[in-house]
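The following blocks contain the structures, represented as structure tokens.
Shared between the two complexes below is chain A, which has chain B as its partner in the first and chain C in the second.
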Partner chain A sequence: MPLKIETRLGRIRIERRIGYSKLYSISMTLFSLALAFLVISMILASLGLDTIQAFLVIFGIFVKPSLLLESVKQSIPICLAALGLSIAFKMNFWNIGAEGQIYMGMIASTGIVLLHEYYGLFHAWAVMPLMLLASFLLGGAWCLIAGALKARLGVNEILPTLMLNYVAILVVEFLVHGPWRDPKGYGFPLSTPFPKYAKLNLVLGEPAYTGLLLSTLGAAAVFFLLEYTRPGFEIKVVGQNPSVARYAGIKVRRTILLGSFLSGGLAGIGGLSIVSGIIGRLRPGASPGYGYTAIIVAALAGLNPWLVMAASIFFGGLLTAGGVLQMSMGIPKAAVQMIQAVIFLMILVGEFVKRYRIVFEKPRASAS
Partner chain B sequence: MERLVELRGIVKRFPGVAANDGVDFELRCGEVHALLGENGAGKTTLVNILYGLYKPDEGEIYVRGRKVELKSPKDAISLGIGMVHQNFKLVESHTVLENIILGLKEDGLKIDFERHRGRIIKLAEKYGWRIDPGARIWQLSAGEKQQVELLKILYRGAEILILDEPTSVLTHQETRRLFEALRRMAREGKGIIFITHKLNEVMEVSDRVTVMRKGRVIITKETRETTKAELANYMIGRPVVFSQRKVSAQPGATVLKIVDLKVSGDRGYPAVNGVSLEVERGEILGIAGVSGNGQVELAEAIAGLRKPLAGRILLNGADVTGMDAGRMIEFGVAYIPPEGNKLGIVPEFRVVDNLFLKAYRYPPYSNKLLLNWGKMLEKARELVKEFGVVTPSVFSKARSLSGGNIQRLILARELSGIVGGTPRLIVATYPTKGLDVGAAEFVHDLLLRYKEMGSGIIFISEDLEELLLLSDRIAVMSGGRIRGVLTRGEADAEKIGLLMSEAAPQAG
Partner chain C sequence: MIEWIESVLALTLQVGTVYLLASLGEIYAERSGILNLGLEGIMIMGAASSFIFTLAYGHLAAITVSIIVGVLMSLILALMAVYMRLNQTVAGLALTMLGLGLSGFLASPEVRKVILLALNPSLPEKFLAIQEAPKLPEIPVPTLSEIPVIGCFFRQNALVYFSYAAAPLMWFILFKTRPGLSLRSVGENPAAADAMGVSVFKVRCVATMVSGGFAGLAGAYLFLGFQPFWQEGLTAGKGFIALSLVILSTWNPLRALLGAYLFGGVEVIQYRLQLFGLGALSPYLLAMLPYLVAIAALVAVSIGSVRKRIGAPASLGIPYSREE
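Moving on to the complex of A and B:
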């Protein structure tokens, strides 16, 4: 049903667009970006800052190779987490705990590194595969808690996934302040720096390339899962209507368990990409909210794995631009966050306008 | 006679279809004008245009001879047009009085409830309705709710009344009373547009009838100058045979045996309370009864969707009590759910996905992990053709199909044997409800064909006519129990009605 708002000046009606062209979609996105930059320049001008210089910095991100690489690097955890969320959202499972699942992935990765460093339980070449496996399993298990609660007891997943974020963040705090603190770290709450074989440098020795390979594989896997496999089909049916799924003989509980596990697992690998690709060790606050950005990315990309990749790189660029603006121009952190928020907001509004049409009607006096 | 409404050359296109393709229609003072057609013929679109819900792409609308442009239902209401939708639009927790005066602008800030109450009672009495303005909507029966809807529009002074399939929710007696009221309104000079796909009702209540098919008007005629057969012919575009079918019962091995089954309903208490039944190969067992007496719960228990509280279910001699839907499917149980458009399909999925909603997990359509889309698409195209599902392609979304085509899609999935061959047992719950004559006839033919192929069939329906037509035996259900089983020879409407009313549950 279209939403209608009556005003003194006439009627405003919001209705769903039945179909729209690709061209319209793209030009709308560009338009909302342009609008975002207009608002940003107003903010910058009001702060007495050099607007043109700031824009050169922002657009420079996508031109200067070193910054582009940095953006790609930043995009990896967002992309992997958003791919996981795409699975969960297809299943109508509102996992908003990617952030916590990312932290659990970081813990698992760091744990494997420490096991090797202190106990030498396995060969150096086995460390990276084991990190991948462990971060996937632990991230998955973290989401599975909410999945199991939903499947067994019918508990809504939103609160458990959200609250477990804080638990995961505090577990990391505990570890780096306590048992996992680097003995040579002058008492700072940091883990031991990762050795070379525990870093994402498989491709050309560069984390961004290796990470890009990882997220491409992830996107391909999610696409394949949802389009060409039995569990993927089941996940989609459960997401559309659990009663119909039951009627079709699909094991709904098992599907929820599997889907939530896979979703958290991908976010867990996202956590790995942070500790071994971006930071190189475990520390508190290692994720500046990648898991939350991933929710926006998954939604903007319409849960399409390939679009998730593209959107992640864009948002990675925004994060990078924020850092550069802060350092090179001395723009306060809060202003940088405002800039990022304006861009988020404009894109979201643009997406809304794409999907819905707002109709203004003349006052009723003219009606026959 | 004065013309109340005239529609000229109405065209309304939706993506892919012209729902109305140059429609001319006329409503006179003092007539009940039936608008007849199959599902998807464009009847509802046409009246929605007259009610201001849709804007026509082409064409003109005249009300009392004056050309008008309807931008919203408000414009329509101010011209004295009122509509009763198929699904009631009432606030359940409010009283009758509150619902009727909701949105009226004549009062200022203070509403004079007493004045309204008196006027509403008087208005209701005029049509032979006894209604308590203080009653809450949720306390009313479907028939009474409909009276409230009618009062709502009459109270606003409507002269042109549109009723969209008004009898689909009514009992036989309620339908009678509605028709009496409609005749009275017509005598007062009001014009009534009565949408239906039931031929009996057209013959019974209307003065004139307009038949629509595929978005066009086929003919408008005086009702007394036409016959049911002729109208059916116009409606479907080919002759329909109304004769009795020859059905020969061939007793065979027992397919389904139910012993003292108890099943709990949604509200907790047992909805099925000690039912024992047997169905043989090649037999159609009809289950008669007013809906809501445990039929759906019984069907769901057999389909594995509801765990029985007690009792046993035997399929081909094997005890399958309490097994889940997946196992029942593997045992060869086909289940045609009630309200197929809700439970039977995923509207956002494509036709091919919906056809393989169950078979996707069995070879050759998949192995342990991977789906074989090539095989599925190939088979889906065959099924669409075989079961006559009208769809632009197997990639179209199921929600774009009409009700009849959705039912065909469900039948193709359940009966075609893409899961483990011809079904051993078919449980069909209200398979023709809401379908037009042509589609219902297709369902009947299909059930008879599978009967001949040896499937045992449980056929749950409210429609005695079709039960008597198809069933070898009829079990009458009420209050969660079987009140009696009649064989083909001895069953008639009267006996069934008598068994139904025996120990019927308290209405309330």
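Moving on to the complex of A and C:
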């Protein structure tokens, strides 16, 4: 008989759950969100901040129409980037570089606008479609660097994608401090403001609605790709088991290249939604970490495209709340980043509780 | 000329020490099979806590607290990656985000004031709002520090001297002692190590804590010993560069010593080129250099023939469970 160490308190055993219902899964996710807010309230309360007031501000965001609209606007880049990440993560490709890909998307969109503004290269009506195309291509190419390194040389993608974030941010700094600085901008590191036709105002002249259309289309495209197409199926198989994929005749390398390109491309369009939907020009620090928030959103939504949309509106609201908290309560803006991280940690803990259960075994009655 | 070389060398040492301290601990974690991607977040928490505690109680307390904070943060990772068997990449990333968010929050002027007053109510008013702290003093070694050129090795602060001793010591423990052998075996083949009576969970937990302690110390050094001026996101990816350094050093503390100074040198060259006017056009392009070199290093060690010789810990990133 194998030796078992039993303590007086009994033994704790961790067992894998064999299958669980969808309802259980959803309720565990909600439970982990509740747990996150409990932890956050403990942090805020321990510093003597008014926790209840802070939570009223955060959840009040979703009640007031103007703030809700702002949240939706903030959610667009998060949503598009998280949709891209869903593809990459399904492929088991750990793209941590959405932030950099977003910045590359911003650069591409701004580049098109400047080509039009400074050189008049194309008609005004062609600007928006070209911006979409360019941001998709450049964002995709930025992720493809890591994808190609993985496919060709077997370099793990985590660190290259991360490093390229810092590089992309520096490229933006270089551009707005140098060649792309607005000549009429009093020397500030900003690009020329975007003209009307380069802004996201197709639906009712409102960036939030137009962005919502964009992210709905994105979600539908990702859903269709993953559920109904051959490349999508191959992406999933490569993610689950690369050697099975190889035996099944799937070209693993080509799939990695495609998946990483699509993933970065969607984040690139997210970048477009920032410069032409939220800010209206290129400036350093244009993204307050949308690309990192997107990772949390993808994890919270379990890589489901439709849930990604819902989760990103929640996080868009959180970002909006950050500004309100700072103005009305003097809580520093970094609080939002902290809240996001705590939510992320609790989602992971929830993931554990979903997959395993902890069994407390009573010590057996001893013979003495 | 000699003065110029000396100043470049001294700066290289100072920057390199950040990378060295961070990667020494990480080598232990990865050798045991745990990828601590939270390095960046732990480092910045170390920097933030050393900032606050230096103002309140002075250097020694600050360094001690930042090590403790690092160990506590790494315990979160140990709990999630070792015991809950969650994906280490995601767990480490969450830890990095926690560190970045929490440090920005705690060290922001508003919150910092509350903490400082709670720690030390008699603190003079002027310390409550400043963004900088006193730097760690340099302790020149008598006679050795007067040697030309290499004298700068002996005109550093206490943490740099500690890193000189730590690298060979960590190498010795890892490769020449029984606990080191257990640690490596857990990272290579946890099932076999378990069968030999090594507690896989305990070893991985301790190794993760070592990496957390060193990362906290690296953060404290970065702030107190190199750049004692607080700003959000102070580490600027140095933790991730240290992670690539670990791979470049092939999980060997002595090679990490060389690699750290190499990366330190790259960063210093970037500063120097800016001074020379070469970078007058775009300091931003030069600032990319460390990240690009890190990527190049990752590519270099991944090229087939090199890869066969170095051998990453076979179970790196794979959670262990007795049942599966």
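One rule holds in what follows: the second predicted complex is superposed on the first by the 276 of 368 C-alpha atoms of A that agree within 3 Å, B and C clash if a C-alpha of one lies under 4 Å from a C-alpha of the other, contacts with A are read in each partner's own complex, and residues count from 1 in each chain.
Note that in this section a residue touches a chain if its C-beta (ideal position, glycine included) is under 8 Å from a C-beta of that chain, and two chains touch if they have at least 3 such contacts.
Just so we're clear, the structure is a prediction, and the values are computed from it rather than from any experiment.
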Residue contacts on chain A - larger count, chain B or chain C: C
Which superposed partner A:248 touches (first chain B, second chain C, both, neither): first
First (chain B), second (chain C), both or neither touched by A:229: first
Which superposed partner A:335 touches (first chain B, second chain C, both, neither): second
Partner chain(s) touched by A:292 [first = chain B, second = chain C, both, neither]: second
Which superposed partner A:240 touches (first chain B, second chain C, both, neither): first
Touched partner set for A:154, first chain B, second chain C, both or neither: second
Chain B - residues contacting chain A, complex: 15, 68-69, 71-72, 74-75, 303-305, 324-330, 335, 337, 343-346, 348-349, 353, 357-358, 360-361, 366, 368-371, 373
Interfacial residue positions of chain C with respect to chain A in the complex: 37, 76, 80, 83-86, 89-91, 93-95, 97-105, 108-111, 114-115, 232, 236-237, 240-241, 243-244, 247, 281-282, 284-285, 287-288, 291-292, 294-295, 298-299, 302-303, 307, 323
List of chain A residues in touch with chain B within their complex: 11, 18-19, 228-231, 233, 236-237, 240-241, 243-244, 246-251, 361, 364, 367-368
Chain C partner contacts - residues on chain A that touch it in the complex: 14, 16, 47-48, 94, 96, 149, 153-156, 158-160, 162-167, 170-171, 173-174, 177-178, 292, 295-296, 299, 330-332, 334-342, 344-345, 348-349, 351-352, 356
